[in-house]
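See below for the structure under consideration.
When the chains are written out, they are named A, B and C in that same order, and each has its own residue count from 1.
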């Protein structure tokens, strides 16, 4: 029992990332009718917003401290971050320490801007082109974005730790009445899950309870009619694209302490997120979220030693296997609507 | 006994009864029109003939064999061709290719892996297609791409695609919808010729001019049931028909 | 002739001439000159042109004609190359059995994948093929290690049985051969400062590619090919026309899978090594790219796309900063730095950036690919010349239909 709970918990963080990316993909597909292969790159850009902020905050100048000697006996060079100079060692140090959560504030404007530029500069021209063209041009864009990041940060993963205060683990075992230490879960993963839940809830609430959201939902259901009603949906869809970019970006920011970001993390997640979207049902937001968590947890279960003993290698293929089975038994995915992406 | 027999066909969409105990009997070699106000279930009925929809109960028999639980391509191979309400053609291909494809389908059946033979080598198919295009007045455009045609020409192309198969039964869903009067008259003449050659036709039509110049028998459909089936001359004065069209009691 | 009409025959003869003379054409610069790095006439690269050309020609039969976008075709190439290496290991170093078994195994595998994936269309089909390919990739790395040799890749060993070959006396692994002609062999020709390499392996690839190209031409011009194009434009109509699209799609899928297997077989015939990375989705993406870049649905396009991408991959990744400084040595120093700085991100390891940009530009401005772009350009010139000759409004001719 405790092992099962542990696996569910382990699946939640990856599932959260899948769900957040799939949510953005579905928003873009549902509103703009565009299959966005660059969405993984947005996730990656978000992660590198955290890396960039961390690097910026750590920008230092060198001084020679006459009182210290390095191991060769020369006067030691001491690097002092500017930020420490400006705000004092306590507050400045804390800012560096908390750079990942701070990066959320930094990433929001950046991702919104990236989203706007992308939609106005490129995606807009592909609304009426075939899906194959959309896939291809955004695929090209994804390559360009990841190569640019690679040019700046190199090919190696860049560790970007969470604040010390949040690096510990939480003992669920005690909470649930099992032996202490049986279900240990890192704080940050818990935070990631909560963060994802809040983001998802926020997006749903936004769509549900605001006029803006209502128009967007109406547009997702029937774009033409909403256009006829004299509502400028194009502008709203642009904003929607920026929001989707932001969701992906923030998902990336918060993911950095779980896995050190590298330039191709976006592509890795994109392929799986697409599978998630299709399993959930093209165009269904609840479907995307549900499938994200479902596949994340399934993947985690498949990695259990007991399972691997019976079915070696199953952890590598479980997501694809489930996708194949679901697509063959439920043609439109778990919650897909009729007439979406069908000729 | 007719070539197409529809007996006790029912079809429900959720709570809506789209077809209610529909019985129609189409005699071989005749033009049978199905008319009725919007939403009467005409297109639904036609969809039950070609394998697009399956009725909940009832039978549809063509030439003695059932049309139910069959794939669209099987039904076509039995000799049933259909012209759709919005023209369904191969937009990216030339008119000639558009007509050659159904001709190949008639000759080779449902599937043929003839990857080695040449389209250019099939002179008989080509000649037949050209002749057909000539019949519908599109021969001069044989090499242009179908998507560029006007709506009326697209309809005529689709008709040619059906006729080249020498169908036993031709189903037409509003063949003159959206056509100018001159075009409509040309289409009527064309269909009269087709009728003369002995092809059985079932026509759904709103334009009464078309219906009364073509049909030999008319079924009037209202709210999913056939209220009258008779000769054209007797349909005109039928009070039931007027009621169905004008809303009867409400007026 | 050969069942092709005049225009197609002319095209085919052109392609034959270019492939036969490729060692000359691809080495236009003298061996010692600074421009020699732009030469592409060495065996390894020329073989790759042919092999990826075959891969893309096959992919085009599926994607170009039916419009079904498969994101898992690399799996067939990968499976084909594993089968090929096993044939080399177990039976003979003669490449013919290896190539044949590659085609058969890839064909069978694509029959299974196609049968299941083709139950869906559109993006659902793409995701299904992607899922199968990624599964094959993951399994090749994990459970199937006894067959695939995991991350190391499947290689030949000295103690392989090779039951048809007589025991090797040299104490090293014998090279792959075609009835005794070694694939790595060839001869060189020096004409003044120019050097040309004629490699047997390349010519085997070239012959196979030409046969593949000829077959694809026949398919394009056959009633079967016409039905495939009909599927792309209106599958629904085809159904009501008495044709069942499913077996057509499946046949196209299996044919293109066999082409991929053929490419995989040739790959191991030239270099007897097979690794799982060949099956990854990026490899599938590459063949999509080649086909689109050249022009999906055109005869020549896929080959052009394969050539362009493989050439640029090779050349761009070879250029480095030192070379750039050499090229711009005529400029004043400051300007030189600026130019090198501007070009630097696009060369060497940055070649993927160039690829991505090239790719976007093609999709944005040339949706029909390079071949269609060329045709449009040619039509433009023809029209201009015509109007100049007649000195008046010339009859505007329709652009030639895609070859």
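The rule is short, and it goes like this: contacts are C-beta pairs under 8 Å (C-beta built on N, C-alpha and C of every residue); 3 or more make two chains touch, one makes a residue touch a chain.
Keep in mind the model is a prediction, meaning the values are calculated, not measured.
The touch graph of the protein chains shown is a line.
Chain centres here are means of the Cα atoms, and by that rule the chain farthest away from chain A is B. Distance from the chain A centre to the chain B centre is 53 Å, each centre being the mean of its Cα atoms.
If each chain is reduced to the centroid of its CA atoms, chain A and chain C end up 35 Å from each other.
Taking each chain's centre as the mean of its C-alpha atoms, chain B lies 46 Å from chain C.
The set of chain C residues that touch two or more partner chains comprises 236.
Counting partner chains per residue, chain A shows two or more touched chains at no residue at all. Residues 3, 5, 218-219, 221-227, 229-230, 232-234, 236-244, 247-248, 251, 255 of chain C are the ones that touch chain B when the two sit in their complex. The residues of chain C lying in touch with chain A in their complex are 67, 69, 116, 119-124, 126-128, 130-132, 134-135, 138-139, 141-144, 235-236, 281-282, 285, 288-289, 292, 345, 350, 352-353, 355-357, 359-360, 363-364, 367. On the side of chain B, the complex with chain C involves touching residues 50, 71-73, 76-77, 81-82, 84, 88-93, 97, 100-102, 104-106, 108-122, 161, 165. Residues 35, 122, 125, 129, 131-133, 135-137, 139-144, 147-148, 151, 267, 271, 274-275, 278, 282, 312-313, 316-317, 320-321, 323-324, 327-328, 331, 341-343 of chain A are the ones touching chain C in the complex.
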